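Per-chain numbering from 1; labels A, B, C and D assigned in written order.
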Amino acid sequence: MFYWAAIIIILCAMLVLYRAIKGPIICDRVLAINAIGTKAVILIALSGYIFERPHFLDIALTYALINFIATIAFQKYREMGRLD
Amino acid sequence: MDHSSIAIIIVGILLFLGCFLIFVASVGIVRFPDFYSRLHPAGKTDSMGQAMILVSLMIYEGFTLATIKLIIIVLFIFIVNPTATHALANAAHAGGVVPWRKGEKKR
Amino acid sequence: MSFILTSIVMFVFWMLISGETGVIFIISAIVASLFVSFISHDLLFPNKNTTLSLKRLLRLLKYSPWLVWQIVLANLDLIYRTLHPSLPIEPHMIEIETDLKSDTGITILANSITLTPGTVTVQARKDGSFLVHAIAHGPANGLLKGTMQAKIKAIEGDEA
Amino acid sequence: MSEHIVIKRVSNFIIPFIQLFSLYVIAHGDISPGGGFQGGVIFGASIILYVIAFGMKDGRTRISEILTDFMNSIGVLLFAGIGLACVIMGGAYLEYTKLAGSAGEGHGSHAEHALHLAGHLGIYGIEIGIGIVVASVMITIFFETANTQDDD
């Protein structure tokens, strides 16, 4: 059951990858990468249950966090042209 | 029908709904005409689908420490995902991206 | 005050994610929560009046079921708009004015706008005015009527 | 322009939780995925998020240049010190079980317990040292790379 859900989510991530490749402006690409990141969080959580190692949830939490920081950094750089 | 098989059915339904919502979000990101309208599926449907799948994992797990960790992840997602969406919208607005009007060509 | 509260919150958070009860783990939990509240106790509760923050937290808990219902409605709306063959959307920008004063109130309203049907916050300004991108005319009307602003004003309270 | 109230407030709210989570990852390095390196990276990321949201000046008042240099040295000293302590106690470099000293000799359950505890505490100290080094190096690299844009 979790196995099939993981496969569906991978297919959805490939669908979003189209937008990341085509995306007319840079914001579109970052949006698509952000969406792929949220899918990766679920994939990590699901694979923790597929392989019966619930410790994977720590990694899912960390990944969600890094994804957020990347988006905030992009926003800052886009507006100010610098990171600090 | 015993208790555990009912739980498994609920897990399956929630898992299906979550996958469906994520699929809708992906279709929306590909199909909508401009950047601002693509933010809507990325901000709302994606976080809801994520939450659905994580809730189904919670029910599968029963009440253990992993459940609490899953609840923390869901709360984190609902705080962080709208903020990321807002940050992207703000970046596009600062960069002078204009919204698509009905009747224009898709971008 | 904020130092003690932050260390209590951090200790509870550690115990929830860890669940280990060995002596070494308890000691490191206490040391870690004290350390974190030492370097960032002014971040979690920036308000000087901490009891007011706690009161707001309780009001926020009362608000959340309504928000969850709005999120469900938003998803149904988006499923309809995405899967409809002719893509029934009319994007436009709207400006709304609120009388929210505190940063927390503005943040909660901005994230609620993003999660509720048909709207995404583009800009949130210090004076409480918002620039919002709406995907169609129908769902955005709820925001213009101002039910959500009133609810969040109630969370913020008059004390701010 | 806009003042980024939402980003600042949300960063404010989650940074303490991120920092605590990084310490949790360091402390549970030997029984779950993660460890010193990963925890240090998460801690560094929390400081980087603070600097991105609030600017360089606020970040430097919160964590000064002297402090990162100091942390850098302390971490390496902790790592090397534990390793050398093992050598002084008569073992190889980083042979933790020698840290138990005379309590670890013999064959009883008491000695076994002491050996186990020494191994655990040794790994624990090493993880903390690596975490401190990685966090301070990440913060230093970020500050330096962000700063170079000032010059031109």
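Convention: a contact is a pair of C-beta atoms (placed from the backbone, for glycine too) under 8 Å apart; a residue touches a chain by one contact, two chains touch by 3 or more.
All of these numbers come straight from a predicted model, not from anything done at the bench.
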{"item": "Of A-B and C-D, pair with higher C-beta contact tally", "value": "A-B"}
{"item": "Farthest chain relative to chain B (centres taken as mean CA coordinates)", "value": "D"}
{"item": "Chain A and chain C, separation of their C-alpha mean positions in angstrom", "value": "22"}
{"item": "CA centroid of chain B to CA centroid of chain D, Å", "value": "33"}
{"item": "Separation of chain A from chain B, taking each centre as the mean of its C-alpha atoms, in whole Å", "value": "11"}
{"item": "Where chain C touches two or more other chains, by residue", "value": "17, 110-111, 121, 123-124"}
{"item": "Overlap residues in chain A, where contacts from two or more other chains coincide", "value": "58, 61, 65, 72, 75, 79"}
{"item": "Contacts with two or more other chains, residues of chain D listed in rising order", "value": "1-2, 6-7, 10, 13-14, 21"}
{"item": "Interchain contacts, given as pairs of chains that touch", "value": "A-B, A-D, B-C, B-D, C-D"}
{"item": "Chain D to chain B touching residues, read off their complex", "value": "1-2, 4, 6-7, 10, 13-14"}
{"item": "In the complex, chain B residues that touch chain D", "value": "76, 79-80, 83, 86-87, 90, 94"}
{"item": "Residue ranges of chain B touching chain C (in the complex, touch as defined)", "value": "21, 24, 27-28, 31-34, 36-37, 39-41, 43-45, 47-48, 65, 68-69, 72, 78-79, 82-83, 85-86, 89-90, 93, 99-102"}
{"item": "Residues of chain A touching chain D in the complex", "value": "55-56, 58-59, 61-62, 65-66, 69, 72-73, 75-76, 79, 81-84"}
{"item": "Touching residues (chain side chain D, partner chain A) in the complex", "value": "1, 7, 11, 14, 18, 21, 25, 32-34, 38, 42, 45, 48-49, 51-53, 55-56, 59, 142-143, 145-147, 149"}
